[in-house]
């Protein structure tokens, strides 16, 4: 499930095999899916053993069966006023909106900062200053400005999503070779056109890396965002459960978050392969 | 030589490096007339590319000045089209889109762009490859796309850094003739770096010979062949005694350089 | 009685100006116990429960709500002391001009409380006592500083909160409509209790006894000389002495003798009302489906252990 | 302060000027420092105006003068048992140790994941799964395993620092051109040598980008890390102050965190310029 | 031709692309003897680089096989040293460290590495540039470093893709002679792609002519000049009637290819 796949089946069939690399093993089976399965099974077994032999208290590492039960319960009956899907949807909505807003603003700004020392001089101090600030330290200000509804939550997620995107975009610009830019200039591209048609596409691989980091980061801020005045959301659910030592719900929530986060990451990886097929080639 | 269009005036270039600055060009002065076809030859590493980059406006010289129509050159411009020593094509664009890049930047309508791309890709015999991406092409093919890209943009001055270096003899001859045709038809000014003395003698109106590092202009030699009627067969030209004599003359300068 | 002394005793405290802080500020614990004390500050009962279960702390302060949840979940600790009974320092405040005069007016309004805390418990109790369906109001989970921010914006209609946020909310168009003292009088006691890790108590019972003796002395000092006590607390928390004094007045603090009565811890022979209150809290949380199952009364009575206090008061 | 500077003064003096770029303005002064100053002054003025005209309560946005006073007080007298430098040092110690441990492990692992599909198959599922998990959601487990001392705090910071580093290193490996690798293979490099001598240096620019993102991220986790059982640290100080509604201390703490975070970032940028001088050149 | 060392057997190569696979090589078969100096010429884009990459072991052919000493080639190896069409030097290493790269990988002691680097950098006349980084060199200088890098590693088989393409006439001649010297002294096998027919005739023992895409081997022509005593002046060799005749013969094959 994690192994990289070529863009299309047809291409995969016809693609020249890089020699001297992984040759098919016994019966032509590739070992990677087995290794992945092995990892997953080992993790599960460790978990099971911890729970079975009570290495640590059930308070903290619940039995897989209880987690499964909590999953079924919350899927059907819900947790304190909302079903699992409802909580999940609320959270995903916040994460995705915050993330997309960040992509729409941080990437252009990061590119501009990398491209123009003037833009950098204006915005870099602000971004660089707020970047290391812990959300928990300034969330109260967001509540003052934006209230307790979704706005402040999305704003927090937005602020979390922002820095990895802008830093990557900026680093991308710095890595564009002079020849590419000079070539475009000699072909009549204005400063803006160089930016739009050369710098931007050159940075796409970096931007995608930034997006992957960013979406993970945004997700990790979810609990903090749903700490204030939430009554729904998977992050809130986990936090709430932790107040009442419901380790089964905590585990279930973490697993759901992990899996959906992984799903978002996969989406970006797939998009990357489609948008930047030339990566590693030029 | 027509009215002088490019004036290179006491240009000096130093590159910084950890063990002190490296002098790449030392007081180079030359003038290029409108419509000239200038070929620059010289040993590897003597500063040819550096001079071209200065004319292109990619770097400012450490000292001296380059003037275009009397105005100092301060940056790149589409009127000075550049073919790089290593083609710098855009991997996210198809071959055709790479060729259309310049016209697009200058805002030509898309029908016109396509027309230009087709004409020039056919000229370099890569029209069949228009939908490919650059990394799907061989080295020589990439170089041909780079040539088509610059020609399609119709610059007033062409700056070419060993453009035919990666091409087989036949393709090279074909493109030499195409380039001469365009030059004759449009009266462009061409600044052409090559390591083939034969190519220089065949194409140039003026050949400049550079010394080994730090680069200086050793000689400037007039060559008549490119101005001659295109009716003549290129192979015949190249085997004519006048041509062979010129080639020997240029080679002699270069040998002197070495010793 | 085991005689060996540990290298240090780890005590988890929270920022509540009670007898423990008075004694801490005056350095009494170190003197009395004769060992190094490692003071750890906690922000919520949740973290205390975690640290207790991990065996990282020996003695800690925890609210009665998290204590009930902890006991139900089987966190291995015993309740040995009441730092304070929550009185006027926790209250339900309503925004003026929104037509809220009593709990029944909360229908259709937005009410905030930090979930899992004693005020959250009291908020839900209030709904029950006054016969309001909690589903008819929007109950929001907020920590006090955020609550204050939202309050000033006018986003909230009411909040059940503690000091110092409480006074700030009252000052900004707020009005107390119900205090924890009132609910306690109705039999729904909330308190900050001392819990001791079972393993620690068994190994070093004499230290536990000495600790409780110190706390009782601190209560006596507070009764005798409140200004002196307030000064100590003020220094400890970096707040003005007047503010410390005001906050301390809202708490109900009891000395050792008083705690051994029926109304509170009770005695080894007969447990007092605290066990019942913890059991009620646990039942209530279970009813709310926030915990899976409530501890039985027997289990809670076993976990409330006045024997150390009895020894300390001898 | 934000404008990129060439590695050495001597080089700067002799460097060929890229033509057609920022030409010196009036009297040869570059505009960037002024722009930066302008930004900083504007931010300060906005703050001052908010405080002066009491747009929002002093409870949330204190007057600059009170913040300055808080700074002086805490610098000299300390905040609840430790001076400002003491708190700052405790926090920096945690951040730096967590970050360096992450660099020492995440970068090699990320490189290995990018390089070997087998390593990827084994580790990717774990990393990708935990990556989006909010620290607040699993901090409890860390406390149980590692206790309430520095260990659990550093572990949390370590886990926060990890993903940006591994993702960047992995993306870096994917971007290494085939020619570089093949060249080394034909020169006799073993698979390991290719990794050590070609892939690793090729990825350095990406690794530095990852380090910049990571250190910022680590810092943002500081408050969460100092939420449990801390009695020192700048994050704890901010959190504690928020309980007493000491907005002057909160602001001061945030500013100190912002500035030190910025300092760490600058350190990495400087290191990058020294270690990867070829960036954007080949 | 010595004992056959490389056998290329019905090799076919297709590259995938969005509009169907592109056939770069179509059933190419040839054998190279131990100690041969093989030159491959053919039009731009005909598949020369592709064939070299297959021999180097960078890609496996779609069909067919390449055998070295009878064993199929499954991957790259230091016994087959490669000079790329575009030099792929490591920008984080100095020029000298780039040249020492291969010996270092093979675990040679550092004194020996330095010796090798010095010898070969002097040979390509870049010893003075040993402390520079590749991006501080000109195009031709980079190419020379790449040549030195491979020669310093002393591979059994040299695979060279237009190695002298970016060099001026004199440097080129110098390196041709150096290469011949090494080849004669060590009996290495060389597979050399060039677009200069003259160069092929001068260097090769066998010249293979490839057709335009899809690439096939059109002709294999023996050439005697490189085996001749090195005492003779290269310029004299190249102007001898036998040499001119061979060159014309090869050119004729290529012209046929085109039509």
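Think of it as A, B, C, D and E in the order they're written, each chain with its own count starting at 1.
In this section, contacts are C-beta pairs under 8 Å (C-beta built on N, C-alpha and C of every residue); 3 or more make two chains touch, one makes a residue touch a chain.
Since we're looking at a predicted model, the values are computed, not measured.
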Chain at maximum distance from subunit E, centres defined as averaged CA atoms: C
Far-end chain from subunit B, centres as C-alpha averages: C
Euclidean distance of C-alpha centroids - subunit C vs subunit E, Å: 83
Centroid spacing, where centroids are CA-atom means, of subunit A and subunit D in whole angstrom: 18
Centroid spacing, where centroids are CA-atom means, of subunit B and subunit D in whole angstrom: 47
Subunit A-subunit C separation of Cα centroids, rounded to whole Å: 40
Multi-partner residues of subunit D (at least 2 other chains): 18, 20, 56, 60, 140, 144-145, 177-178, 185, 227, 239, 242, 281-282
For subunit E, residues contacting two or more additional chains: 15, 57-58, 75-76, 86
Shared-contact residues (touching 2 or more other chains) in subunit C: 50, 53, 145, 149, 152
Residues on subunit C engaged by subunit D in the complex (per definition of touch): 12, 15, 39-43, 47, 50-51, 53-57, 144-145, 148-149, 152, 164-165, 168, 172, 236-239
Subunit A to subunit C touching residues, read off their complex: 57-60, 80, 139-141, 143-144, 147-149, 227-231, 236, 239-240, 242-246, 248
Subunit B-facing residues of subunit E, complex: 15, 17-19, 22, 41-45, 47-50, 85-86, 131-132, 136-141, 144, 161-162, 165-172, 195-197, 251, 254-255, 258
Parts of subunit B lying in touch with subunit A, wherever the complex brings them together: 56-58, 75-78, 80-82, 84, 86, 88-92, 101-102, 104-106, 133-135, 149-150, 153, 155, 159
Subunit D residues touching subunit A - in the complex, by the definition given at the top: 1-4, 18, 20, 22, 31-36, 38-40, 43, 56, 60-61, 117-118, 120-126, 128-138, 140-141, 144-145, 160, 163-164, 167-168, 171, 174-178, 185, 205-206, 208-210, 212-213, 215-217, 219-224, 227, 235, 238-239, 242, 250, 253-254, 257-262, 264-265, 279-282
